[in-house]
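Please go over the structures that come below.
You will see two complexes here that share subunit A, one where it goes with subunit B and one where it goes with subunit C.
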Partner chain A sequence: MGIYESLNERLYLDKIVEFSKKKKVPVFYGTIWYYLGGVSLFLFITQVVSGVLLLLYYQPGVATAFESVRFIVSKVEFGWLIREIHSWSANLFIFFVFLHMFTVFFAKAYRKPRELTWFSGMLLLFLALGFGFSGYLLPWNELAFFATKVGSDIAGSIPVVGDFLLRLLRGGDEVSGATLSRFFGIHVAIIPAVFTVLLGIHLVLVQVQGMSIPPELEKVPEEDRRYMPFFPNFALRDVLTWLIILNVVALLAVFFPWELGVKADFLAPAPPGVKPEWYFMFMYQTLRLIPAHVWFIEGELLGILTFMLGGLIWFFVPLLDKKAKVGERSKFWNWFGIILIIYMITMTIWGYLV
Partner chain B sequence: MRNLQLLGVILFFMGFLLAEQQPIPKEDACIRCHKEMDEEQEEGQKLFPDILNDIHLKRGLSCADCHGGDPEAFDDEDKAMWDNESFSGEVSRTDEIAMCGSCHSDPRFMRQYSTAIRTDQVKQYWTSKHGMELKRGNKKVAICTDCHGVHGILSVEDPRSPVYDMNVPSTCSNCHSNSDYMAEFGIPTDQYYKYRKSVHGEALLDNNDVGAPACNDCHGNHGAIPPDVSHISDICGTCHVNNDQLFQESHLKPIFVKRGFGQCEACHGNHEVLKPNDDFLNWEHGSVCVQCHEDKGGEAKIMADHFYTLLDSLKGQIAIANSFVEKADQKGMEVSDLLFPLEEAHKVLIQTRTSIHSFNKDYVEEIAKPGFEATKTAIEGGKAALAEFDFRRKGLFISSLIITFLALALYLKIKDIDRKQSKDKS
Partner chain C sequence: MDIILGAGFFAWIGAVLYPIGKYLVPPKVAEMSVNSVEAGGISEFPPSSSKIVRFGRRPVIVFRQQNGDFHALSATCTHLDCTVQYKSDTEQIWCACHNGLYDIEGKNISGPPPKPLMQYQVVLQNDKVIVTREEMT
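Let's look at the complex of A and B:
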C-alpha cells in the first residue's frame, strides 16, 4: 500500500481532492482582486518565517534590544536580509490587507451569507495594525520610542478605558523597559495566536462559501458565467503572484534598507520628525488638525471618538447596508467608501508633507 | 481650596519681593552729605549710585570704617570729620595696603563673612613685584584699589567686578599696556595684545571659558610675580599635567635648564601661546625645533621628521578609515560598530601629540601603535561593508533572475494548461 492510500485511509484525503477538483473561481473583470487575499496570506507566511528567524537572535530588553538588532544586521550571516524582508513584508502585508478590504467592500462581498467572513477579516486587519504598532518598538530606537509614546498617549485619551489602556500598553506610566517586554509578548505570542485562529476561521469560511461575485454578475444566468478551476489554474496564478511579490520584497530590501537609527534614550528630547507608521498617518494627521477644543469637547477626544464610531460603522457595514442584502448596490455606501479612501490618501500625504 | 490659591499667590509675590530685596546701606551722615555733593560732581567722579553696590556697605560696614570720622554727626561737618581724631580722609597709596589688611588679614574678623575666605592677600602682596616696588617708594605700582576698584567694590564672583576671571586681562592691561606709564619699568607692554591672540585668550574672552587661564593664573593674584625660566613648566604643568610630566622626564629637560631655556615657553611662547599644530615638527615649514637646532639639524631633524611623519601617517590612516566607513554608511550599510575604532584612533592621535613632549622615539611609537591598529580595524570593517554591499547587489541580481525565470516558466505553464483545457472543451 502506498503512502497516499495509507494517509487517505486515516485523513480522508480523497474528499479534499474531490473538493479541490470541484472548486471553481468566477472569471470576470474583477478576478484579479481575488489574488489580494492570497498575496496577504503569502506575506503573512513570510512574516512568520522571517520573524521566527529573527527570534533566534533578538533579545528584548532596554540594554539588549537595540544591540541585538544591530548584531543581526551587521554580524549575523544574512541577518540584514531577514530583517529587511520582515520589515518590508510587514508594510506590504498591511498595504495588501487594506487593498483586499476595499476590493471586498466595493464588490459587496460582505453581503449575506458572508458577513462572518467580513467580520473575521476586519478583526484580522485590526490585528495586523496591532502587529505593526507592537513590532515598530522592538528595535528600541529613538523614533520608535517616541512614536510609541505618542501612539500610547492617543490610546490613553479614549474615554473611560483610556487610563487603563495606557497602563496596559505601557506596563506603567511611561514608555519603558516594561513596555518593550509587553510589546514583545504581544507581537510574538498574543497577536499571532489570536491571528492564527481568526485566519483559520476566515479561510474555512472562504472555502466553504466559495468566491463571492458582484451583485450585477449574480443577475447573469449561471450558464453564461465563466469559471476557471481553482486547481491548478487559479492556484498556479496565485503562486505566480507570490513570486512577483517575493521579487518586489527582495528589491526593496536591497535598494531601500530600513535604517536602524539611534538607540532610544529616556532622557533625550524628542527628535524632529517623529511620525507614526504610514498606516496610522491619516489618523495622526487628523488629530493634529483638529483644534484643541471643539465646542465643549476636547479636540483630540473628538477625533478619537469619531474614529471609533467610523471604525464601528465600517465593521458593521454588512448589517447596515440594506441594499446589499437584496443584491443591489447602495450609492450611499459606495460614496462612503470612495470618500473614505480619498480622505485616507489625502491625510497620509499631508501628514508626510508637513 | 480658595485659601490655598490665595496662599500660592502671596508666596509667589513674596518670592519676587525676597529676590529683589538687598541689604540697603544705612544712610549715615557721610552718605547723606556726599549724596548731596555728588550732584555737583562731574561724571566719572560721582560716588553714587555705584557705591550703593559696594560689598562692604552691603555687609554692614560704613564709610567711617575706612575713612574714620563720626557717621552719626548729621548736619555737623566739623564734628563728622575735621574735629574727629579718627578721621583720615583720603587714604594714601602707601597706607592703603595696611588699611585693607586691617580687616582682610584678620581671620577672626573675616570668618564672620565666610569660613573659606582667604586672609593672606597682604602677606602675598609684599612678596609681589608690585609690593616690593611700593616698599621701595614707587607709588605707581598697583595697590588693592587699582584692581578691585575704589568705591563700589564688587565680589570677585560678580561678572561686573574688574577682577572677575574674564575681566582680569583688561584690568591688568590698564597699566601694563600703557607704554608711557610702564616706560620707567623697562618691561614690554604688548602682553595683552599677545594674550588676546593666544589660545588661552581666545578660550577665555571669545568662548567665555572661565576655566582658561587669565594673567593671574600664571603670575599669581596678590603675589603677582613673573615666573622665572626654570619654573615655567611648573606653571603650565598645573593644567597640562601629562605634557609637563613627559617633559620633566625627557632628556631635553636638563639641557634646557643648563642653557637657561624657558622650557614650555621655548617652543610655545609665553603670552602668545598659539594653538599647537603638527607643523611645529615640520623642519621645512614652521618647525619650532629650528629655533635652537637650525645649524645642526642632524639627530634633532631625524627625530622631528620621524615624529612628524608618524603623526602625518596616523592622520592619513584615520582619513582613509573615515572615508571607507562614510562610504559604506552612505550606501545604507550598518557600520555603527566601526565608529568605536575610529574614535579610538582620534583619541590615540591626541595622546601621540602629547607623547611628543617625551622626545623619546620608542615611547611615542608605542603610544601611536593602538591608533594604527584601530584604523586598520576600521578600514578592514569599511572594506568588508562595501564588499558586502556588492555581494548583496550581485546576490539580488541572481536571486531576482531565478525568481523571474521561475515566474516566466510558471506563466508559460499556466498558458499551456489554459490552452489544453480550451482545446478539451471544444
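Let's look at the complex of A and C:
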C-alpha cells in the first residue's frame, strides 16, 4: 500500500482532493483583489519565521533589549537581514491587510452570508495593529519609548476603563521595564495565539463560502461568468505573487534599512520627530490638530471617542449597509469608504510633512 | 437542573477568569515619599540651560533662564505624557511630540496640552540646586 493510500485511510484525503478540484476562482476585472488575502497570509508567515529567529538572540529587559538588538544587527551573521525582513514584512503586512480590507469593502464582500468573515477579518486587523504597537517598543529605543508613552496614554484617556487599561498595558503607572516585559509577552505569545485561532476561523469561512463576487456580477447568468480552477491555475499565480513579494521585502531590507536609533532614556526629553508607525499616523496627526478644548470636552478625549465610534461603525458595516444585504451598492457607504481613505492618506502625509 | 448546571458553568468561568484578571493588573506600588532632590551644583547650570532629574518616579525639568533665574516644572506633558524640554531661544517649555508650548511658569500657552505643568520650588543651598515639592523654610 502506497503512502497516499495509507494516509487516505486515516485522514480522508480523497475528500480534500475532491473539494480542491471543485474550488474555482471568478475571473473578472477584480480578480487581482483575490491575491491580497494570500499576500497578507504569506507576510504573516514571514513574520512568524523571522520573529522566531530573532527570539533566539533577543533579550527583553531595560538593560538588555536595545543591546541585544544591536548585537543582532551588528554581530550575528545575517542578523541585520533577519531584523530588516521582520520590520519590512511587518509594515507590508499591515499595508496589505488594509488594502485587503478596503477591496473587500468596495466589492461589498461583507454582505450576507459573509458577515462573520468580515468580523473575523476586522479582529485580525486590530490584532495586526496590536502586533505593530507591541513590537515597536521591543528594541527599546527613544522613538519607540515615547511612541509607547503616547499610545498607552491615549488608551488611558478612554472614559471609565482608561486607568485600568493604562496600568494593564504599562504594567504600572509609567512606561518602564515592566511595560517592555508585557509587550514582549503580548507580542510573542498572546497575540500570536489569538491571531492563529482567528486566522484559522477566517480561512475556514473563506473556504466554506467560496470567493465573493461584486453585486453587479451576481446579476450575470451563471453560464456567462468566467472562472479559473483554484488548483493549479490560481494557486500557482498565488505562489508567484508570494515570490515577488519576498523579493520586494529582501530589496527593501537591503536598500532601506530601519535605523535602530538611540537607547531609550527616562530622563531625556522627547526628541523632535517622535512619531508612531505610519499606520497610526492619521490618528496621531488628528490628535495633534485638535485644540486643547472643544466646547466643554478635552480635545484628546474627543479625538479618541470619535475614532472609537468610527471603528465601531466600520466594524459593523455588514449590519448597517442595508442595500448590500439585498445585493445592491449603497452610494452612502461607497462615499463613506472613499472619504475615509482620502482622510487617512491626507492626514498621514500631513503628519510626515510637519 | 439546567439552571443549576448553567449557573455552575458561569460560576466556573468566573472562578477561572477572576484570578487571571486580577493577576494582569499590576499591584499599586507605594511611591517613595520624596520631598526634595538635588539637581546638581549651580555651576552645572549656566544661563539658558536645563536638566531633567528624577523626582521619585517622575521626571522634573530644572532650567535656568538667561537672566539667571531658576525654575522647576514637571517634565511630563499634560497632553500625552511625553517628556518636555526647555527652549532657551524663546524661554519656553516645548513638547516635541505634539508641539505643545508652556511658559516658564508651566502655563499651557499653545498646542494641545489641556493643563499647566506642575510647579516645583528651586532652592539654592550651599552651591547646590535643590528641587522641592513645597516651599523650604
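Rule of thumb we're sticking to: the second predicted complex is superposed on the first by the 354 of 354 C-alpha atoms of A that agree within 3 Å, B and C clash if a C-alpha of one lies under 4 Å from a C-alpha of the other, contacts with A are read in each partner's own complex, and residues count from 1 in each chain.
Going forward, a contact is a pair of C-beta atoms (placed from the backbone, for glycine too) under 8 Å apart; a residue touches a chain by one contact, two chains touch by 3 or more.
Keep in mind that this is a model prediction, so the values were computed, not measured.
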Q: For A:D153, select first, second, both or neither according to whether it touches subunit B, subunit C, the two together, or no partner.
A: second
Q. Residues of subunit A touched: more by subunit B or subunit C?
A. C
Q: Name the contact category of A:A292: first (subunit B only), second (subunit C only), both, or neither.
A: second
Q.
Just checking: does A:L260 make contact with subunit B only, subunit C only, both, or neither of them? Give me first, second, both or neither.
A. first
Q.
Once chain A of both complexes is superposed, is A:Y343 in touch with subunit B (first), subunit C (second), both, or neither?
A. neither
Q: Return first, second, both or neither, reflecting whether A:G273 touches subunit B, subunit C, both chains, or no partner chain.
A: second
Q | Touching partner for A:L240 - first (subunit B), second (subunit C), both, neither | A | first
Q. So in the complex, which bits of subunit A are touching subunit B?
A. 70, 73-74, 80-81, 229, 232-233, 236-237, 239-240, 243-244, 246-247, 250-251, 253-254, 257, 259-260
Q | Residue ranges of subunit C touching subunit A (in the complex, touch as defined) | A | 24-26, 29, 52-54, 57, 59, 61, 75, 77, 79-85, 95-99, 108, 111-114
Q. Taking the complex as given, what residues does subunit B use to touch subunit A?
A. 332, 334-337, 392-393, 396, 399-400, 403-404, 406-407, 410-411, 413-414, 417-418, 421
Q.
Residue numbers of subunit A touching subunit C in their complex, please.
A. 146, 149-150, 152-154, 164, 167-168, 171-174, 178, 266-274, 287-288, 290-293, 298-300
